[in-house]
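Quick heads-up: structures coming right below.
Two complexes are shown next, each including chain A; its partner changes from chain B in the first to chain C in the second.
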Partner chain A sequence: MLGSILDGIILGCTITLGGLGISYVLLLQNYFNFTGGTFFTLGAYLAFAFLGFIPMGSFPLVTFGPGLILALVLAMIAMGLIMTVTDKLLYRPLRERNAPFMFFYLTAFGMLFVLRSIIYLVWGAQLKNYVSGIPHYLRGPAGISVTWDEIFVIVATLVIVAIVYFFQYHTKLGKGMLATANNSELAELSGIRNRDINTLTTIIAGILTATGGVFYGLTIQLRPMMGFTLLMAMFFAVVTGGEGAILGTFGAGLIIGITQEFGSSLLQMLWDATGVPIQMGGYKATLSFLLLVVILIFQPQGIFKGTPLEK
Partner chain B sequence: MDAYIAALLCMGAAYAILTIGYNLHWGYTGLFNLAVFGLAAAGGYTSVILTTPAAGGHLGGFGLPYIVGILAGAVVAGLLGAAIGTVTLRLEFGFFAIATLGLGKFVIAVFKNEKWLTNGVWGIGGIPKPLSGVVGSAYANWAYGGIAVLILIVVYYLVQKLVTSPWGRVQMAIKDDEHLTQMLGKNPWRYRMESLVIGSMLMGLGGAVYAHYQGYINPKSYTDIMWAFLPLLMVVGGGSGNNRGSILGAFVIWGAWSLSEIFAGYLPIASMKIPHIRTLAVGLLIIAILRWRPAGLIGRKRAVSSSASSKE
Partner chain C sequence: MTPEQVAEEEPSDDEVTRGGKALLEVKDITAGYGDIDVLFDASMQVNRGEFVVLIGPNGAGKTSLIRSIDGIIEPRKGSVIFDGEEVTQLSPADMLEKGVSTVPQEGNIFTDLSVQDNLKMGAYTYGGPIEDRLEMVYDLFPILKERSDQEAGTMSGGQRQMLAISRGTMVDPDMLVLDEPTAGLQPNLVTDVLEAIQTLKEEANLTILLVAQTEKAIPMADWGYLLRSGEIVVDDSADRLLENELVSDLYFGG
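So, the complex of A and B:
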């Protein structure tokens, strides 16, 4: 039982990173990036590809070595580039001719399938792992055991969230970003260059998305549909946490991660006890979007009430 | 070649029926409904369960006639559409798209996991194809293609009447300016719900016509690529807000899609990769249309009431 809460926290960390990527695109471009989940997958697979050229080396305790860190950094750069190019090539013309906003969604939807098929074509449908070693477990009380890889992912996510938080609220660029999101014309007048801010935000979104994908691949597995199955959970984190609100997204990400892992086993116990013949195993991934629909109906402004300007 | 044209008639008509429904959502009312695959599956499964002979292990054995099956499929899909609408229609555009995508996936998850209802991943076979007993198996697809096209013509006639009526013009007005429509005393929520239900019924009908052509369905028959993404391309490629465009889009896109399967066989590519190359091509095509020809093949002409006089 407690083990599935821990699994949920780790899943929640990866969802948060992917969700923040979607959140930043939403903040400045005002559309829900349906491609976000697939960018997440692409980042993970790019790191996998880079690992083919980089010797892994080894770190104490964790299964991976400095090679993975280098591959992660390269994947971050690559994803930042890919997302920027996509934005300039596909979305900027739409913005410039003031296209109806359904075009943004449709383009993102088309892009999703383009990237998905590229991932299938290049890497195939088989499951993949970064490392094949046996993880070292840290055994705690009450039968909880956690691998050092998982501890690394949790700590690294906390660090990244802290960095992004500091950047957004305590640096000039971050404040400029919030200003542009709030009122782009006024921001332009006060000397902020909206184009640069747009590019910067897209790059940050790419970096966060790639990191989320690599962390998912490290703790769970690499599979072509991993990002798409998490897309609803990421949207949940964005909507529930409030767009651009970093801590809110983190909190909502943890909630949905734990719900997916822990809630399904809890519901299964409930069904078993009441004699309802429903097997929860097949509905694990659907839990998050049912919860999302509930939130959308009753609390569409998010449960944390956090707007990016108020923190 | 004959067999190919017969197959194209059946599949093209099935898709055209669904696409007309999708066009009502997207082209007229401006709803970005992504639950299409769930709605098509609901229609297909309903019709199949009602018309197949008894089989152990899952619900079935009613053996009702084809026409009852597909109409029931449309009704069930319409009810499902109403349920989805009750939950999601209050949401704004992006939230609506997300919520419907999630609900569509949920419907498929139900069909996949509830073995007592649908036989799960093993699917249901032995679906009757009407007239195949009369004309013999050699012409079964031709006969069925005729039925499918007949249904398509009826659907086109009815929907065309609907969208040229005042009701249809209110839908277009809602798409263009919701507040203006509200000021004129129309309730956008009600109109959207009506459009959603009617469109969903057509999607269920399309899914049912498809199921009877295939003869065997399982939850993987209704994937998001085949039943949300491809119809979207048919609507946008044919011309949003134009029913003739939707029919043209359905036949052209389906023709290209199925021909690409035949031609891909001659290319030196591993057969496993072919579906992904086709998806890639469709994705690029959709982006290209949006970028360079947003009106599609035949876009919407000026909307004029059917009761208006022809003199300008």
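So, the complex of A and C:
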């Protein structure tokens, strides 16, 4: 059971990164990007494609080498570009016409299906892995073990969250983004160009989304539906963590990751003990949804309002 | 004196109406929203170093005229010229770059940011160190220094206006456009804010275009315009504006 908490933390890290990508779009452009989960998948598969041309090499302890880091960087750049082009072609015209938000949601839904079809078409339905080596485990007390790949993902996520937080709250550009999110007309009157800020936001969202996807592929597997099945968990992290709140999204990402892994293990034990033939593996997104509903009823302002995590 | 110097000291008739050199010229602006026009051939001029007041009843189109100048709405007809350069369809950020800083009537502060961050955002495009600019506004409005870490949205109406004016000044503009900065304030605060604007004008060597609902602003001004139903109907010195029958009838209730 303790192992499932650890699994939840690792899953929570990938949810956080995908969720931050969605959160940035929501903060600056005011719509939930339903395509966020599929961008997450696409980022992971693009890194897989880049690895076809880049020798993996090796690092001590972990199963991957510098090739994966380079593939990740290329996937970040590619996703930044893809999301920027998508924004310019599809969403900017809607923004400039002050289109109803339903148009944004319909467009995002449409993009979700298009991208999913492309992923199936190019990479097929079979599961894939970045590496085929046997992972090295770090074994702790009470039978807990964690791979060095997983430790890498946790540490890297912490570093990325810290960098994003620093950028957001301690740089001029980051504060310009907050100002634009707060009052876009006044920001423009202050010389903070909305168009530039929107482009920057989309690039950052692309980078974070790709990173989340690659980390998921590294610690679990590459699956065409991986981002879609995590979409509800990402929405949970964004909504309950607080719109644009980096630490809040991280906290909520961990909570939902642990809930999905630990909660499903717990319920599985219950079903097994009572003879109910349910496999919880297929109901993790349902757990996210149920927890989201409960929190929205009892704590609609987010779970970290009034705490240091609300930023 | 060379012909060039003569030309500099004696601007052409086009550049001058009432004895000064125009910093801002608004020529025959027609503008509106959707299919509806709210401004009709409105023209005005603000000379460098002047304090110009634009008055008019509610719904006259004052804010629309300001939004046409600062680039928020695109005029359907007419032109805006700033410092001799056509700037009619420039964006607000471009207008700021040219030297025009606007303090809108509504949504004039970043409510989620701290007081200090509001001021820093005001200086977003300012090239030099902002410490001197901060000191200037803190000297003028000490309360802003006391509350520099407070979230701006939690401040009182008067403090918000002080912050809004200060934000607009942080970038060290040539011209500050203020859209009803005294709206909704208590009478004593109205006087304080107007005096602060006057001080700011002198200390920062600003040209001011002030949209006002209060007659208290008129005596402080050099020149004034009365806008009624989208048309400029009075264009006169501030002294004479106070005595104008239309101003009395239409604006101050006769």
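Quick note on the criterion: the second predicted complex is superposed on the first by the 291 of 311 C-alpha atoms of A that agree within 3 Å, B and C clash if a C-alpha of one lies under 4 Å from a C-alpha of the other, contacts with A are read in each partner's own complex, and residues count from 1 in each chain.
We adopt the following convention: a residue touches a chain if its C-beta (ideal position, glycine included) is under 8 Å from a C-beta of that chain, and two chains touch if they have at least 3 such contacts.
Here the structure is a predicted model, which is why all the values come from computation and not from measurement.
Asks: Go through the superposed model and pick first if A:190 touches only chain B, second if only chain C, both, or neither.
Replies: second
Asks: Once the shared chain is lined up, is A:176 touching chain B (first), chain C (second), both, or neither of them?
Replies: second
Asks: Applying the document's definition of touch, where does A:289 land relative to chain B and chain C: first, second, both, or neither?
Replies: Touch status of A:289: first partner only.
Asks: Would you check which partner chain A:120 touches, where first means chain B only, second means chain C only, and both and neither mean what they say?
Replies: first
Asks: Counting touched residues of chain A, say whether chain B or chain C comes out ahead.
Replies: Looking at chain A, the partner in contact with more of its residues is B.
Asks: Quick check on the superposed pair: does A:90 touch chain B, chain C, both, or neither? Answer first, second, both or neither.
Replies: first
Asks: Which of the two partners, first being chain B and second being chain C, lies in contact with A:163: first, second, both, or neither?
Replies: Neither partner.
Asks: Considering only touches as defined above, state whether A:110 meets chain B (first), chain C (second), both or neither.
Replies: The answer is first: A:110 touches chain B but not chain C.
Asks: Report, in rising order, the residues of chain A that make contact with chain B in one complex and with chain C in the other.
Replies: Chain A residues touching both partners: none found.
Asks: Please give the residue numbers of chain C that touch chain A in the complex, ascending.
Replies: Going by the criterion above, the answer is residues 70, 72, 91-93, 96-97, 101-102, 104, 107-113, 117, 120-122, 124-125, 167, 171.
Asks: In their shared complex, at which residues does chain A touch chain C?
Replies: By the definition above, chain A touches chain C via 172, 175-176, 178-179, 181-183, 185-193.
Asks: Inside the complex, what are the residues of chain A that reach chain B?
Replies: Residue positions touching the partner: 31-32, 34, 90, 93-94, 99, 101-103, 105-107, 109-114, 116-118, 120-121, 124-125, 232, 235, 239, 279, 282-283, 285-286, 289-290, 292-293, 296-297, 300.
Asks: Taking the touch rule as given, give the residues of chain B at its contact with chain A in the complex, in rising order.
Replies: Contact set of chain B toward chain A: 26, 30, 32, 34, 87-88, 90-91, 93-95, 97-99, 101-103, 105-106, 109, 112-113, 225, 229, 232, 236, 272-273, 276-277, 279-280, 282-284, 286-287, 290-291, 294.
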